[in-house]
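Here come two complexes built around chain A, the first alongside chain B, the second alongside chain C.
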Partner chain A sequence: MTYEKREFIADLAVIGSGLAGMAASIFALKRGISTAQAGNTGALAYTTGYLDLLGDAGTGAAEHLGDPWAGIRELQKSQPNHPLARVPENDIHEAFTEFTSFISECGIAYGAPGKVNLKALTPAGTTKPTFSVPATMQPGVDALASQARCVIIDFKGLRGFSGRQVVANLKDRWPGLTTERVSFPDMPMGEIYPEVMARALEVPGTREKLADAIKSVRGDAQVIGLPAILGMHNPDLVMTELSRLLGCPVFEIPTMPPSVPGIRLREMFEQVFPKKGLTLVPQQKVRSVEFDTDSVQLVLADNHGPIIIHAKAVILATGRFLSGGLEAEQTGIVEPLVNLPVAQPTSRDSWYSMEYMGRDGHAIHQCGIRVDDAFRPLDKDGKVVDPRLFAAGVILAHQDWIRGRCGAGVAISSAYRAVQGAEQIILQKNN
Partner chain B sequence: MTSSPTSQAGTAIETVKTDVLIIGGGATGTGIMRDLALRSVHCRLIDKQDLCAGASGGNHGLLHSGARYVLSDPHSASECREEGEILKRTSSQCIENTGGLFVAVKGDDEGFIRDFPALCQAAGIPVQELTPKEALELEPQLSKDIIAAYAVPDATIDPFRLALENVNHARELNDSTYHPHTTLCDFEIGDGRIIAAFCRDSRTGKELRIVAKQYVNAGGAWAMDIARLAGCNDVNLLYSKGTLLISHDRLTTRVINRLRPPADGDILVPGGTVSVLGTTSLRTDDLENVRPTIAEVDKNVVEGTAMVPALAHARYIRAFSRVRPLVQHGDDQNDRNVARSFALMNHEDQNLNNFCTITGGKLTTFRLMAEKTSDLVAKRLGNTEPCTTATTPLPGGQACKWTEPGASPKYWYEANNSEDMILCECEMVPQSAIDQIVLCAPGAENEMTLEAIALRSRAGKGPCQGSFCGIRIASYLYDRGYYQDTTGLHHMKSFFNERFKGLRTIIWGQQAAQMELAEALHCGLLGLDRLEEKKTNKADNE
Partner chain C sequence: MSEAKTPTINFKQKAMELLPEGASFDACLTCGLCSSGCPASGLENMDPRKFIRMAMLGMDEELSTTPWVWTCTQCKRCQHVCPMNIDISQLVFLARGNWPKDKKPSGIVRSCELTRSTDSTSAMGLQPDDFVFVVNDVLEEVRETQPQFKDMVAPIDKKGAHFFVNQNSREPMSEPDEMVPLWKIFHLVGADWTYSSKGWAAENFCMFSGDEAAWYEVIKTRVDATNELGCAVWLNTECGHSYYTMWNAINRFGMEANFKIESLVTYYAQWIREGKLPVNSDWNTKNIKFTVQDPCQIVRKAYGDSIADDLRFVTKKLVGEENFIDMQPNRSANYCCGGGGGFLQAGMTDQRRAYGKRKFDQIMATQADYVLTPCHNCHSQMEDIGHFYGGQYQVVHFWTLICLSLGILGENERTYLGPDLANLGL
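So, the complex of A and B:
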């Protein structure tokens, strides 16, 4: 076997395959920018499929934000360095619209971004504020809002998703909620897995058998909830067909990650991007980035040997600790790829508060890469590190995506701005 | 009389009777419960939290050969040797007979190294000199800089299993009863006797009056407070806080001790698939908010690295701190020099003839402490049966086996039941283990907290520290109907908050990624950080 060095030339290189990296590639494709994307699979498979914008602006309010836009205006005043405070509201709206319409066109329909947050269901029977949900989950949001008579179906052998748990925690708020357990068709024994169930439901015969099983227990339910198993590649079709067979709306509730809706997104991107002309090197870690006078070079390798990507601009969307974009050493937090300075507290003792679930969250989540308004990383003196380098997603400093319920919001909005900036650099170079 | 048996609300308080009330569910309290049950004495054991919540559950799990104390406390050294030998015979299911090494590195006190074998021999402890090369062959993770090494019969012991087995055996012998999360509030005293103990269930607030013939204070670090409730001022304790670290991997086969007078970070003890490094020693006055600090964690790592260099870059999954009670004699300022012997006080000069206090000591000598205490109690009760714990094997209880590393996966593979799903993937704890614990483990009850289940199993002990399995086990308990409303979510929150205390100081490297994912699940997805306060008046078990 010979190992050939392969070289790719693109205008834009995107490092990272999480939500921010995927969003950056979508925005670049829409602008006709030749793009190469590389980097470890991000935490995409850990997402629920819900796209949050902003659920908490850190004001100490008891309730989550009903209006994320009001929260963003609050951030503009109280946390001007927050990534969501640095993207014009129109751009945020446009970014979500472009993102959700792209994935809808590719076969995973999402609701168009609106003015308010939705109350979405979780597998624990709690609700969370989110901004845009897959079409397969929307009827659940609607059923909760309208207090429809609803039965949650769970499955013998499916661990970690208990209809009784969902009902136990929601019954005070939703009296018409009940649960029933069925066996998944042709899988009567042992443990069964959401991914396997989802792929099985792509087959019409399995859907018919499942519909029969559900019919026998559904009672007078007006709407039927299931764990997120409605197909892997054609969820909208699977939902529509199951609804038709049952004669009422059906919906999905996310399961614990890695969950089907996250895997759907990842698989869809990996199939669609190459077809649209994007050079995708998934599942491989970028080893180094070199900023030469003529180009930025990404060095990586796969089973077939080394790969070099030459680009005019680069977007760093490598995520935080879970995805390897940041590393926490005993003595401090570093950004291992470009060695960018990381905004952080002076001592490890300040990373985490004493109370895990205290209201204020933890300082470590505010750590990250400092950028200017064009999302270009800054060095220790506050100067732009390289005009061709942009950063997007949760690697950015001055945000807490977990407590803010703003992971997708930060990823999509900052990717949008980063691509805007990169486009200008590329246009200059091409002229 | 200080009180009549009605609650503040004026309702009648339930009263239960027993021969002996034991306060404190550590190794000693549970040991006394078993010892007395073997003499046909009925006991009730209460703990304000749960088994091994104090120093019994917060140590290395080291069954000392005694060699550590040969210089500072030769009497304790001999006691440790004798007790170690007894426990290895009678309680083998709780013990891994690892053996131990004492190793010195360049710069350690050569006088101490030279005297060590003779000191061991004087205490009757078998000791074998090894060349550094021989030691390195036995334990390849040792530093190349070791200059002396001796092998001694150290071993490891699982204090949770031990306490569970003690309680289980006592229950089987004569229906002696354990009451978890039961706080002692006050004593009813008259005519030189304690008449009753007023207790409160710290989860439900329900009051309970326990009438016993004898009362035993086995409160460990809390023994001074308990004695004062009975009006006794003759228990004087020093509190020494120790912090320890658990590594993700087991680094050595044997217990590794630094061959020097006891100091920080000088013992590394294997425990199943992990190793436990410690300890620091710091005087404290605070018994309730004992948590590891970054400085203590870093100190342990630096000191431990001198013996085992891999500790510098090891992945740590947990740090924990507990307070050791040291019985105060004189005014020695160095806690490591305070004798590690125990004290049994009969309180007769405090005008009480049915109360005693046992405290101090160490895990290795718990049986002897229980024996001495039970002898006193039996004599007072007119019971003439002798102590038999030195010879009677500790039977293995079915529901007690789940704390043993490797027991769950072994059971699961052997049972080969595909319906029995694994709930904790790190430690392979199946549904059937949870069922058995909830139904019949010592201290089992219908709505068990996740902490109580974790204490009785390996759930949450692996690298994820319960962040995944806590969700799964709660889901399973809902599914089985044990959790029926949002209280279950509060149990989850409380479990994750509790586990976090052990994580906060060791979150670097891979643990930072683990923690980020955990918080994303617990807060970002499930919203446990925004859980509404419970509308019922049930208080959380602190």
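So, the complex of A and C:
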């Protein structure tokens, strides 16, 4: 018995299924570029759902950044190689607008990006600066700002989210905040997961039972906060229905991973992209990439056998260490797929600075692929590796997205630029 | 039960041998996505992440004896959502095989034994002669009572037929009229097909019992039977695990198979596209809503999303685009129904229904009146949890709906239709 080799032909191939890869596919679809996307399940499912642009410009200011645009101008001066410093502001704005309107149209409404950062709630009971939040989380931002009387509901058997902790840390800034614990309807087993609760809330009967349970403890709260469990596929509907049943706004706070907002996004992309004509091979790692004169070839395999994708341009969005875009070897850090040179500290000794929580962060968190302004990877001598190859997302060098709170900002902005560049190449080839 | 002791497996070492490079347990981030997405989480106080953690800690004795391995349906959803691509089901298979036979769930063991007891490879022990008799008997009756099908055939052991068609034993054994819609479809499209008196049956619980040698033996009988008849395609009918056990075994054991292994679903879609099966949804004037259950064994574990797309194409043609509501999650990300992996035969009813609660919620969220699925195990499990949790939906085979749509579904072929459709087109 032989396996049939499956071959796909597309203009653009996107490697990676994280935020940058998904963003690249969105921008490509919007431009009518025929696209194939492949890559292991990205870290997408670990996201909180918040889309950060830039929360810390590295100026050492104690306060988080209120104005991300001012922060980007700061980066342009102090860290001109930072990916966000290399994308025109208009393009960043356009990229976020395209991205959030796409996912909103697909059923997970997000707020339109504005001029300032929002103060969003975290499961630790702190706030963080972020740029765009899901509609299911916006009432929490508003409630904090307006100091509404609010009760945070948590659940027996649910780990990774504690109402007591949220309230303990926020109480000083939000006196009207209280918490109550209820049992989730029809879930007798010990540990329960947000994912399971979210799916159960897609069932109208479960929403009614939950609303009844909450009613008995809500007191005089004007707004009700829950861990992020408001549905998986129809979060906006689940929120609206629960609000209706309770007669007041409800909102979600992200939980510790594995969290619902990330799984929502991943499942949504996996369903929507193929419907829109994109060839998606979601769970498989690309094994090799070959740059032939006529086409770029991606080689991979799924359960059913080998797959080859032929494309005219490629965007590498394979992430950093977690998703295998970069690997740490004895001799240093490598990019295993295309074997691109990796900008990195000169020796292993200097990966981490002495102070773990030091202000300047660790050199290792700045490593990655060097690119030109069109986001084309560069070789050792600073020359473009191949005009058909682009890179996007946190695989890029000269940014520490965790400290900078700019993961989505880097992913979405660089994907936007990479698609612009790839489009030029494809247009040339098609003429 | 005897006192046979369960040997202890060194899971960590076995995992190193089994799992491909880069997907070893060492790579586990303990993120919990697997457990969060696994319907067996919490049963027997175990979940996939915990299983891995315990393996890493060398808690081999607990893992070698935990009955949880019989509640994991080996559906591979954990691997599907794992960022490191770690496959827990392989270790579960290993653990199952390691249990002394008399401690394994007797229903699975018995089904495997029955499968090996005759040349039929039928898990219900139906003899080749009896199968041939039932087929001919039913055929004769249809030819007499349904004049439109007076020339219909159901060949047995026809050399050189294009399709070698397998058959789940449940039909010839307990509901023989359910074979008829399938024959009608073959008749209509002019398929060149045959049953075989040897190796005709679909089920294979030997794989689920963890008995590799028995699994091989059953598949060998089927492969030999197909090779002997010289058929080009071994056609899996509406039964998930029979496809997977055959397809996987041929690769795993490097067997010589001079034919292709395909699923009937692919052909339904193809025949509809080609106009050979002119189905439509005109009959669905009441806009009855349908959803589809993707069997793990042919979707996530084998073909991937392409066959899931075929299922949706066929369904939409049959019931009308606007009357199809997808389950969430779906296709390769779908939940196992909880009837797979031998769970239906394992006698662990409470656990099986707890597992199936996820499926039940999924179905209820669609608010569909009917669930279509090309899998017998999914079918039985979804019916059972529907009754148990109080769902109002019906579960139907594709062949039923195809013949209903074509106006050729006979009176005795309607067991699974609800009252709303029971008399339609008679």
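Definition applied: the second predicted complex is superposed on the first by the 427 of 431 C-alpha atoms of A that agree within 3 Å, B and C clash if a C-alpha of one lies under 4 Å from a C-alpha of the other, contacts with A are read in each partner's own complex, and residues count from 1 in each chain.
Keep this in mind: contacts are C-beta pairs under 8 Å (C-beta built on N, C-alpha and C of every residue); 3 or more make two chains touch, one makes a residue touch a chain.
Quick caveat, the model's predicted, so the values are computed rather than measured.
Superposition of the two complexes onto chain A shows chain B and chain C fitting side by side, with no clash. Taking the C-alpha centre of chain A as the apex, the lines running to the C-alpha centres of chain B and chain C meet at 90 degrees, rounded to a multiple of 10. Legend: residue contacts after superposition of the two complexes on their common chain; A:Ser78 is shown touching neither chain B nor chain C. Shared-chain residue A:Asp302: touches chain C; no touch with chain B.
When chain B and chain C are set side by side, the one touching more residues of chain A is B. When the two complexes are overlaid on their common chain A, residue A:Arg164 makes contact with chain B while staying clear of chain C. Contact with neither chain B nor chain C is seen for A:Gln424 once the two complexes are overlaid on the shared chain. Once the two complexes are laid over each other on the shared chain, residue contacts for A:Lys285 go to chain C alone; chain B is not touched. When both complexes are overlaid on chain A, the residue A:Thr59 reaches neither chain B nor chain C. After overlaying the two complexes on the shared chain, residue contacts for A:Tyr46 are found with chain B and with chain C alike. In the superposed model, A:Glu191 lies in contact with both chain B and chain C. When both complexes are overlaid on chain A, the residue A:Pro258 reaches chain C alone and has no touch with chain B.
After superposing the two complexes on chain A, the shortest C-alpha to C-alpha distance between chain B and chain C comes to 5 Å. Counting contacts by the rule stated earlier, residues 43, 46, 189-191, 257, 322, 324 of chain A appear in both its interface with chain B and its interface with chain C. By the touch criterion stated above, chain A contacts chain B in their complex at residues 43, 46, 48, 64, 122-128, 157, 159-162, 164-165, 168-169, 171-172, 189-191, 254, 256-257, 320-322, 324, 327-330, 347-349, 351-352, 354-359, 362, 364-365, 401-403, 405, 407. Across the interface of their complex, chain A is touched by residues 22, 29, 31-33, 35-37, 41-43, 45, 47, 80-83, 85, 250-251, 255, 257, 259-261, 300-305, 309, 326, 328-333, 354, 357-358, 361-362, 364-365, 367 of chain C. Touching chain A in their complex are the following residues of chain B: 291, 293-294, 298, 301, 418-419, 421-423, 468, 471-472, 474-476, 478-479, 481, 483-486, 488-489, 492-493, 496-497, 500-501, 504, 507-509, 512-513, 515-517, 519-531. For chain A in complex with chain C, the touching residues are 1, 40-43, 45-46, 186, 188-196, 199-200, 202-206, 232-233, 257-258, 263, 267, 270-271, 274, 280, 282-283, 285, 302-304, 322-324.
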